[in-house]
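Below you'll find the structures, each written out as structure tokens.
Each of the next two complexes has subunit A plus one more chain, namely subunit B in the first and subunit C in the second.
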Partner chain A sequence: MESAILTSKYPALELKNVEKRFDSFVALQGLSFSVPQGAFVAIVGPSGCGKSTLLRLIAGLEATTDGEIWLDSEDVTEASAGERGLAMVFQSYALYPHKTVRENMAFSLKIAKRPKAEIESRVAEAARALQLEALLDRLPKQLSGGQRQRVAIGRAIVRKPKVFLFDEPLSNLDAALRAETRVELAELHQRLAATMIYVTHDQVEAMTLADQIIILNAGEIQQMGTPKELYSEPKNAFVAGFIGSPKMNFVSGAIRDATFESADLSISGLGQFASGASTLGVRPESLMLAEKDKGIGQIEVSIVEYLGDESVIHGRLGDGTPIILREKGSVEFNTGDRVSIDIESIDALHFFSPESGERIVPSPKSPSRG
Partner chain B sequence: MLSYSKDQRKFVLLMLLPAFGMTAAFFLWPTIYNIKNSFTDLSLLGLRDGGRWIGLDNYIELFNDSDFKKVVFNTLFWLTFVSVSIRLVLGFAIALFIESQLVRRLRLTVPLRMAALLPWATPDIVAVTVWKQIFDGRTGAINNKLVEWGFIDQPIVFLGDPSYVWPSVITIIVWNGLPIIVLTMAAALQTVPRDLYEAADIDGANSWIKFWHVTFPHALPALAVLGLLTTIWTFNNFIYVWMSTSAGPGTFSNVLATEVYLQAFVNFKLGLSSAIGTFMAALALVFGIIYFRYVVTKRFGGLM
Partner chain C sequence: MTDVAINRSTVKRRKRGLARKHSPVKTAAALVLAALLVFFFASPVVWIYWASFKPSASLIGTGTQGLVFTFENYKNVWKNDFGRFMFNSLFICGISVIISTSVAVCASYVLSRYRFAYKKWLFGFLVLTQTFPWIVMMTPLFIMFANLDLINNHFALMFCYVTITLPFSIYLMVGYLEALPRDLDEAALMDGCSRFQTLRHIILPLLAPGIVATATYSFLLMWTEFLLAIALLTKTSLKTLPLGLALFFGEETVDWGAVMAASALTTLPALLLFLPVQSRLVAGLSAGSVKG
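Let's turn to the complex of A and B:
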């Protein structure tokens, strides 16, 4: 596959203060970000956060209420979907049911009145890349879900678009096929070196595929960053809770004299954090079992999920706050057992302001960081 | 495929028997009786004596009669082909308008669907009677307005003038028969996935391309079924022509259904009338077979 030549000095895509209202409902607000040439950017968030609307604004399927959208060096805010030169893979695939695979893939080039020989060679090229050659004369209804998905991607590739847009492309596939296609998409991105914007509600897809992740909630960007940044330096409690599976544990309490105290937990040695009311955030993988009456506190076990290489222990603190922890191997607990827990390291702890939800950044001169 | 045991099969047959009996008594027997009569010279005045067997004479008479050829032409071309084509094209166009983005944005979709229903709620006899008054040569609303606005000097006898009679009858049929096309096509249009229009937008398609590559292929099965059904319903319709023109002026707008009536109850030739009826049934059977093959065997090509 011929790869796009990435010589442009402009970002592949840039949004400037984009806003979208439906009547009085504000779907998206003050969105500004830019996507470098060739990047793979995932947009994630819970359902109703506006991520699909955002993708449709970029695609030109919805008009912005305010703000500008730039593709490369062009302001496309007012341009129609067809003029933007993008390709989109829909959640439903949206293949034309009356056209064969070949006709589906060739349709946009035909509309653009490209020479016949060029259309044929581009379709053949894409079909080879996606192993669709044997299916070219079939109708979509004669294909499996996975094959339809590949045709939808093929239809996008054929256009050699400036930017690929994906709207939850894997959500109609079964788990095994989803994992497989995820890898294929990552390979495709490398081979084409094209810019890709990918909307999903699945944070695992976002973490594994993307160079950059945008986390959206209630129509606003919570954080944009690399998967590693989002995981280890979440800007607020929402991001911290959204990234990572199982979810981060949150315990409300307060830091006083370098010690975090809640109804059931006590963690000392927190000199780098300012005193005051704060919510502790700690990931299940940063918690571990401790010897009886040692560690930071006790939980009452409610259920244990055994996964083979590890066990996920669900429990509650005395005040009912749920706690999840991951432990290597298998554990033998019954419901109602009280077990002591500990933290792996103070560096793995996050504290959030109970009012704003913002993460409280530790002071850099902390002694524990040496 | 479902399979039935012997007992189940018996039970199913038993349950079907009453309906089959009714059909046989009221449809099958009259059909056979009619075919038998078509080979006789049975007269309405000689019912007691019965008819004499004359073989194919009735049919030979029909096919050698140039007036009958005109009746067949009137039936197939004017009554059926023209009125069905206009209904399909106009009905589809109105459905497209009702389901369009513009109408949806103005929130007029539902009121317009309701309005489209109105002519359908009017029984055909009532519709024809009212239209007859509207078309009337002396007191009709259309003539009044045309004269008042100065388009014509003399009123036009719409239903009595050979140059106007078919357009006038077809106007009545279209008005009365349009709603079912509009509503069915509107329903068919609602089943087109919106994603496809968006995919076509991204592929750079304009409205014209979207219509031919997305809308039309989705609408075609419904359009084909409607076309066949309306053809069958219109082809043997007696009311429209008889109520509006009584096959006139003279026999200018005579069609097969009215010819059956005229031969039987005006000319008293029951045998000949039966032959025409049999001929009509044979023609209807052709449409029926096409319809059956299309709908039952192809099952709408899996698209509806």
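Let's turn to the complex of A and C:
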């Protein structure tokens, strides 16, 4: 399939101080970011954070209240959806029910009055790429969910758009098909080398598919970066808690004399962190079981999930703070058992300001375990 | 990806399985009830058609020709210019239905799909007009059309018919449009359609059941309307079917055979026009457009 990427020195998409208000409700504010040509960018966030609104603003289905949207070197803020040259795959697929698969895929080209031969060849090309050739004369109601999803993608591919927009395209598929389609989307991105913007509430989808992730909350960008950056250097407690599965553990306490103390935990050797109240953030995979009465503290086991290659242990500290840790292989614990835990490395610890939630950046001093 | 085509035979088997769960007594009771309902609603219509082929005298119990079959009533009716009344009705109702339904489609699309100030108020006002008894408007309407020199003018009646059917037509159509996913409009907009192209290529074909239902409602209301017609049309050559039908009721005598033939002819066009399209009223065209 022909590459849809444009050899342009400009970003594929750029937002400058974009704001969206619905009457007095501010849905999005002060959004500025740019998407390089050929990038796969995922926009993630909890329900109601404004991610779908953001995609609709980019698509031209909603008008911005303020700010500018640029595609390549062109300001498209005032352009209609059709004029922007984008294609969108909807969560509901939005296939035209009275048109066959072929007609669905050819519709945009017919509206653009492309020559018949070109329409036929582009539909055939997309159908071949998505294994839809046998289904071209069927109506959407004669297709399974997965097939409809492929037709929706095919309809987008046929247009050879500047940017592909995906609005939670996998959320209606069952778990097995979702995993399969995720891989296919990644392959499609590689094959087309096209710019893709992908909205999802599933951080696993975002982490596995995207080159860059934008995390939104309450209409504001919390952080934009590579999956690795977001995982290892989250800007604030929200990002830290949103990325990673199971979620990061948070424990309130304070650092005094290079030691973090909470009601049940004590971690020394934190000379690179300033003293004061702080919230400890540690991922389940950075915690491990310790020998009795050793390590950083104890938890009371509430439940153990056995996943084959590993076990996820859910427990609570004495003050009720939930703690999750992942342990390789299987473990034999009963509810109510008290077990000691430890950390793998001080480098894996994050500290956040209890007031602002911002991550406390350690001073550049070589860390040492006390 | 796994191809999971819909297995029609499985669906049919399931349907048969569900049917088997009903007891024969319940099925028989339902059938008897349905037959009674059909008899209750259809018998007057059947009687009209049957009576229209009987001599007038036999209809009021004085005659004895119980098995006599005659076209005399139809000949009688036709001689009395009934063809002209039928043409007038078809002309007025046809054009009014086209205008009313077209305007209703556009208005309901705007009300359903656009966001604008006071939309709820506007929609509420439209519904409110339905509670207004339009008989009280007769005098002002008559004076208005008399001043405009539009008495005995079909245009005046068309204007009234479009006006009185529009609010409910819009109300009906908004209901149908609300059932169509907005994603379809947005997909069409992304595909490069203008709003009008979206309406023409995507919405109209899917709205066909709603359009048929709305047009049927408007047509039947106009086809049987009497009060406005009698106020605005006084020339016999301009009269519509309900007025023509009334002509067969004399001051002292009534030609019941002619009345039955005229009634049969009055119901016939409505039946012929809408029987072929009634299946569209329940067509589930939007199946498969969205998830599920």
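Throughout what follows, the second predicted complex is superposed on the first by the 364 of 370 C-alpha atoms of A that agree within 3 Å, B and C clash if a C-alpha of one lies under 4 Å from a C-alpha of the other, contacts with A are read in each partner's own complex, and residues count from 1 in each chain.
We take it that contacts are C-beta pairs under 8 Å (C-beta built on N, C-alpha and C of every residue); 3 or more make two chains touch, one makes a residue touch a chain.
On a predicted model such as this, the values are computed, not experimentally measured, just so you know.
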Partners on subunit A (subunit B, subunit C) - clash or fit: clash
Which of subunit B and subunit C A:184 touches, first, second, both or neither: second
Touching partner for A:148 - first (subunit B), second (subunit C), both, neither: second
Which of subunit B and subunit C A:112 touches, first, second, both or neither: both
Partner chain(s) touched by A:275 [first = subunit B, second = subunit C, both, neither]: neither
If touched residues of subunit A are counted for subunit B and for subunit C, the larger one: C
First, second, both or neither for A:86, with subunit B first and subunit C second: both
Partner chain in contact with A:172 - subunit B first, subunit C second, else both or neither: second
Common interface positions of subunit A, toward subunit B and toward subunit C: 59-61, 80-82, 86-88, 90, 92, 94-98, 107-108, 111-112, 141, 155, 159
Residue ranges of subunit A touching subunit C (in the complex, touch as defined): 59-61, 80-82, 86-88, 90-98, 107-108, 111-112, 131, 139-148, 150, 155, 159, 172, 177, 180-181, 184
Subunit B - residues contacting subunit A, complex: 193, 195-196, 198-206, 209, 213-214, 217-218, 302-303
Residue ranges of subunit C in contact with subunit A within the complex: 1-6, 181, 183-184, 186-194, 197, 201-202, 205-206, 285-292
Subunit A residues touching subunit B - in the complex, by the definition given at the top: 59-61, 80-83, 86-88, 90, 92, 94-99, 107-108, 111-112, 141, 155, 159
